[in-house]
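Have a look at these structures, which come just after this line.
Next come two complexes built around chain A: one with chain B, the other with chain C.
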Partner chain A sequence: MTERTRLVGNAVYGWLLLLPAAVLLAAFTHYPAVATLAQSLFTSGTALRPAEFAGLDNYRFMLEDEVFWRVLENNVWYAIGTIPASIALAMLMAVWVNRRLPLRAFVRMSYFTPTILPMIAVANIWLFFYTPEIGLIDQIAAGFGIGSRNWLGNPDTVLGCIIVLTIWKEAGFFMIFYLAALQSLPPELEEAARLEGASRWHFFRRVTFPLLMPTTLFVLINAVINSFKLVDQLFILTKGGPDNASALLLYYIYEVAFSFFDQAYASTLTVVLLAALAIIAIGQFVILDKRIHYR
Partner chain B sequence: MMRRLKSARTGVLALIAGLLLAPAAWAVELTMYYPVAVGGPLTKIVDGLVADFMKEHPDIEVKAIYAGNYNDARIKALAALKSGQPAQLSVMFSIDIYELIEQDAIVAFDDIVETDEERAWLDSFYPSLMQNGVTGGKTWGIPFQRSTIVMYYNKDVFREAGLDPDNPPATWEELVAAGKKLVRRSGDQVERWGMMIPSTGYPYWMFGALTMQNDQVLMNGDGNETYFDAPATQEALQFWRDLGAVHGVMPSGTIEWGTLRKNFLEARTAIMWHSTGNLTAVKKNAQFDFGVAMLPANQRRGTPTGGGNFYIFKQTKPEERRAAMKLVRFLTQPERTAEWSIQTGYIGTRPDAYETPALKQYVVDFPPAAVARDQLEFATAELSTYQTGRVRKLLDDAIQSVLTDQKSVEDALGSAQKQADRLLKRYR
Partner chain C sequence: MAAIELIRVTKTWGATVAVRDISFEVDEGSFVVLLGPSGCGKSTTLRMIAGLDDVTSGRVLIGGREMTGAPPAERRVSMVFQSYALFPHLDTGENILFGLKARRVAKTEQRDRLVRVAEMVGLEALLDRKPAQLSGGQRQRVALARAIIAENPICLMDEPLSNLDAKLRHEMRVEIRALQQRLGMTTVYVTHDQTEAMSMADRVVLMRDGGIEQQGPPAALYDVPETVFAAGFIGTPPMNLLKVEEVGGAMVIAGTDGPAVAEAGYGNLVLGIRPEQIAIADNSGIEGRVESCDYLGADTIVGVRVGSQSVLIRAHGRHSRPAGSRIHLHWQESEVHLFNDETGVRMAGVRPLPVAA
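The block that comes next holds the complex of A and B.
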C-alpha cells in the first residue's frame, strides 16, 4: 500500500465517521433554515392560488405590521426582565445552598423543582395564582386589606406576570450549573482569603464571580435563547392578550403559521428570529470570550 | 390418514377462499379525525358509536382517531392531506369551512347525495346550526358537536339580593339593574361581582352574542365581508365595556375564559355567560342552587352557535365518499344524536332528536338541558370568513383593547374593519 492510498483511505474513513452527524445536521438544521429563507420569498400558496415568487413583499408587509413591532418590543422587555434576574437569582441560590445548611438536600431540591415541572403544568398552577379574587396572590393581598387586581387582564401588568413566572421557572435550572461550578473551585482559595482577612463580599466579587464567568457565559447564552424560545406559558395564561400585550415573537410565529395558515409570512418572521439569535450568539462569543478567564 | 389429508385440504381451500373474500369483507376503509374541546370521556363515547356502526355495516372499517383540540385536528387533517395519506372524513371546527374550501380540501355534501331521501336528510337539522356549514348555495359541513352561549346564574344569590330566582334578566336594562343589586361590596372592595363575560380565548364568540342581541351580524354568508364598524356593533362593544367601566357590575380589564367557571362555582360572580359545554361540570360541582337561562335581549335575543361539523375530504374515491356519508348519517340519526347530547351536554342537532323518549325524559328531569335548544331559534353563525384566523384576531384585539381602555370603541373597531377589508377584498 503506497503512502498516497493510505492517506485517501484515511480521508474516506474520516468522512464516513462524520457522515451520520452531517446527515442529521443537514436534514434537520441546515435544510429547514434554507427552506425557510426560500419560502419567505414566496406568497403563501393554497390549492386554488399556487405560491408565486414575491421578492421582498413579505418583509415589506412585516415592516408595516403593527403586531410584529409590538411582539418584538415585548420580546425585548421580556429578555431584559428575565435574563439578568434569573441569572442573579441562580447565582445567589447556588452560593447559598453550596454552604453547610441544615436540610441542604431538601433546599436544593426545592429550588430545582420548578425546572422538573413541565411549563404547561406550571402555567396552569400560576393561572390560579394570578386569577383575580380567587387567586392565591389576591387572597393573600386581601388578608392585608389590599384590593383585588386583574393581573393578567391588565396590559400594564400582564407582561410582568409572565416575566416573574419565567424567572421562577428558569432560575433553579441555572442554579444547577453554578452549583457544579462552585464545587469544582479549589477550597484553598477560600482558606487563603480567610487567612488574609478578606470579607465575604470581597471574596465573592474578586474570586468566586470571576471564576464563575465561563459558567455565566454558558448560562447567559441559554437564557438569551430561552427568552426567545420559551413561550409555552402563553398558550395557557394569556394567548398573547390582552390586545397582544403579552405576545412574544415565537408565539406570533405559531399563530401566523397554524392559525392564519400563512406559511410564507411565518417563514419571514422565522428568518428574522434566526438572524437575531445568530447575531446575539456571535456577539456574545466574540465580545465576552475575551474577558473571560478560563482556568 | 385419508381423513387427515382431506381435512388439511379443506383447510387450505378455506384459507384460499378466505383470502379471496377478505378484500370484499372490508370493501372500504375510512379514517376519521375528531377533536375533543370539552372535558369528559368523549373518546370512549365516539369509539362506542363507531363500533356500533361497524356492526351494522360489516363491509366498512372505520378508524376514528382522536386529534386533540380543534386547532390540532385541522392541522393534522391538512398535514395528512399534503402527505398524500389523507383521512376520508373529519370532525373539525364549524368555522374552518372557508379555509378548507380555499385549500380545496373538502367536497360538498350536495355532490355526494344521490336520492331524494338523502337530499331531505340535509334539511333535517336546525337551520341555525347549518349557517356555518352552508356557503355558495352548497352544504359543506353537517353539525355534530355543537353548542351555544347561555347564562348561568346563582339562584341563592338572586334570593339574597331580593331578585326572583325564576325570572332571570331578559333584557340589557334588566341585566344591568340586576347586576347592580347582585354586586356585594365591603368598603371599596368587591366581594362578589354581578356578572362576568369572559374576554380571553374566544372574545369574538361572546361578542357575536352581544351584536346579535343588537340585531347585527358580524359577517355575510359568503364570508368575504365583515361589519365590525357598523353602528350597532359599536354600540354592543360600548355596552360590554360599560358593564365594567360605567355600571360597575363586572370587573374591568379582560376576564379569563379558563378560570371563569371557578369564579362562578365559588360565588365570586352571580352570573356568568359561558358555553353550554360547561353544563355537566357546573351541574356536578355547584354547591348552590343554579339556573340556566337564555342570554338577554336588546333589540332581540341572540347567540352565536359554536362547535364542530363533519366534513368529507375531496381526495377520496366515490365509494369512500358514499361510505363516509353512511357513517355521518348513522352518527346523526335522531336516537344517536339524543344519546350524544345526553352524554356530552352538546345540543341535539335536529328537532326530532328531542322527540326521542330518551332525550324527552332527560329534558323533563333536567330542564336546563333544553335552554340551548330553545335558544337556537335566535341563534346565528359563529364568526367565520376567508382568512378566518387573521380576521378573528383583528376583532379579538379590538375587543380587548377597548375592554382594557387602550382605545376607544370607534378607533378599535374602525381599524379592525379597515384591515379586514384589506384581507377580504380579493375574495369579493
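The block that comes next holds the complex of A and C.
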C-alpha cells in the first residue's frame, strides 16, 4: 500500500466516523434553518396554487401586522419581567443555601423542584392558584376581605401572572449554576474579608458578585433565550388571550404555522426571532466579556 | 503583659479532639512559631486566635482583653493564609487596600499607607497587576502587604512559605523575620518545617496530637528536648534515638555487646545523640558497619548500623567508606540525652557513661 492510498484510506475512515453525527446535524438543524429562510421568501403553497417567489413580501406584511407588534411588545415586557427577577432571586437563593443552615439539603431540593417539573404540570398547578373564586390566591385574598378577581381573564394582569409563574419555574434552575460557582470559591476569601472587618454586604458586592459574573453571563444568555423559547404554559393557561394580551412571539409562530397553516409567514417570523436572539447573544458576549474576570 | 494568651483551650469537632487543653503566652513583639506535624492542631490553634474557629472550652485573651467569643474583625489581628487568599479579580493595590476600604479609612490615608507598604515589600511596580499575573513569591508579598497595611499589633501566619520553592523560601524567611522586627509586630507563625521554626522563632511551641509537647526558645528545644518526640522532630537529620537494654547488668545499645552507655537500674531507656556529636574512630568505642555515605558538600551524612539499629552521623568534609566496612563510634557523655522507653519523657536523673575513644 502506498503512502497516498493510506492517507486516502485514513480520510475515508475519518469521514465515516463523522457521518452519523453529520447526517443528524444536517437533517435536523442545518436543513430546517436554510429551508425556513427559503420559505420566508415564498408564498404559502397549496395543492391548487404552488408556492411562488415573493421576495420580501412576507416581511413587508409582517411590519404591517398589528398582532406581530403586539406579541413582540408582550415578549419584551415578558423578558424585562422575568430575566432580572429570576437571576436576582437565583443568586439570593444560592447565597442563602450555600451557608450552613439546618435542613440545608431539604431547602436546596425545594428550590430546585420547580425545575424538574414539566412546564405543563407547573402551568396546571398555577392554573389552580389563579382560578377565580376557588383558586388559592382568591381564597387567601377572601380571608382578608378582598374580592375575587379573574387573574388570567383580565388583559391587565394576565401577562404579570405568566411572568410570576416563569420566575418561579426558572429561578431554581439558575440557582444550581450559582451554587456550583459559589462552592468553587475558596473559603479563605471570606475568612480574609472577615478578618479585615468587611461586612457581609461589602464582601458580596466587592468579591462574591464580581466572581460570579461568568456564571451570570451564562445564566443571562440562557434566560434571554428562554424568554423567547418557553411558551408551554400559554397552552394550558391562556392560549395567548385575552385579546392576545399574553401571546408571546413563539406562541404566535405556532398559531400561524399550525392553526392558520401559513407556513411562509411562520417561517418569516421564525427568521426574525432567530436573528434577534443571535444579535442579543453576540451583544451580551461583546459588551460583558470585557468586564468579567475569568479565573 | 502578654499580647496573646491561651488558657486551657480545647477544640473538638464532634468526637474528634483537634486541640487538647493547651495554654501558652505570646509576648508583645515576639515571634512565636507553632510547630508540629500535619494534623497536630497547630492551624486550628491559629484559627482560634483569629476567631475564625470557636473554642470549645478555655479562653483566648488578646492584649489582656477577653476575646473568647469575639468576631475576627474585633480582634485587631491580620492573617496571612497558606493559599494567600488574594481576591483574583482585584489588582495588587486593591487587594492590599481591601481592609482599609472595608473600614472606610480616608482616601488620602489609604494612598499614603499603600505607598509605604508597597515600598516595604517591594511591590511598587506591580500595583496594577492581577494575582494571576504574579509569581508565587510576588503573591506572597501581596498577602504580606495586606497583613501589615492594617497596622494591627498582631499578625498570624499559616504556613505562608509552603507554596514557594526552596530558594525563595529561604529569602522570604529572612525577609519576614526582618520585617517583623522592624515593625515590632507580635507574630504567631504556623509551620511543619522545623528549619523555619529554628531560624525565625523567638519561641517555639511544639505540638503533637492536639497537645503541646514542649515550648521554649529554639535553642532550648534543640539542646534539651523534653521528650523523644521533640528530640526526633528537631534537627536535620534529627537526633538518633537508640534503644538501650540491660545485658548482664550493663546498659548497652540494643543488639550490641557493649560498651555500657548509661548507668543501670532505671529499666529500658532510649538514648538520644545528635548526628553532629558522634565521632568516628577506627578501633575503639561502639562498633558498627557503614551502610551509606551521603556527601552534601560541607559534610557527609554517614549511615551506620549499630546492633539492630541505624545511626546517622554528620561528619565534617568528605568521607567515603565502602558499605559494610567496620567503624567505631564514640561521643561525649555530656551530649547524651536519655529518655524513658515507655513514656518517652526525658530522664534527667540517669547518668550517661563515657564511651571511650
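Odds and ends about this structure:
The rule is short, and it goes like this: the second predicted complex is superposed on the first by the 270 of 295 C-alpha atoms of A that agree within 3 Å, B and C clash if a C-alpha of one lies under 4 Å from a C-alpha of the other, contacts with A are read in each partner's own complex, and residues count from 1 in each chain.
Simple rule for what comes next: a contact is a pair of C-beta atoms (placed from the backbone, for glycine too) under 8 Å apart; a residue touches a chain by one contact, two chains touch by 3 or more.
No experiment lies behind these values; they were computed from the predicted model shown.
Taken together in the superposed arrangement on chain A, chain B and chain C fit without clashing. Within the superposed three-chain model, A:Gly241 lies in touch with chain B and out of touch with chain C [touch as defined at top].
In the superposed pair of complexes, A:Glu191 makes contact with chain C only, with no contact to chain B. With both structures placed on the common chain, the touch criterion links A:Arg206 to chain C but leaves chain B unconnected. Between chain B and chain C, the shortest distance over C-alpha atoms in the superposed arrangement works out to 53 Å. No residue of chain A lies at the contact with chain B in one complex and also at the contact with chain C in the other.
Those residues of chain A that touch chain C in the shared complex are 186, 188-189, 191-199, 202, 206-207, 210-211, 293, 295.
Contact residues on chain B toward chain A in their complex (touch as defined above): 71, 75, 78, 99, 102-105, 188-190, 199-201, 251-256, 258-259, 262-263, 266, 268, 387, 389-390, 393, 396-398, 400-401, 403-404, 406.
By the touch rule above, chain C contacts chain A in their complex via residues 50-52, 71-73, 77-79, 81, 83, 85, 87-90, 98-99, 101-103, 130, 132, 146, 150.
The touching residues of chain A, when paired with chain B in their complex, are 46-48, 67, 127-128, 131-135, 142, 147-148, 150, 152-155, 236, 238-239, 241-245, 255, 258-262.
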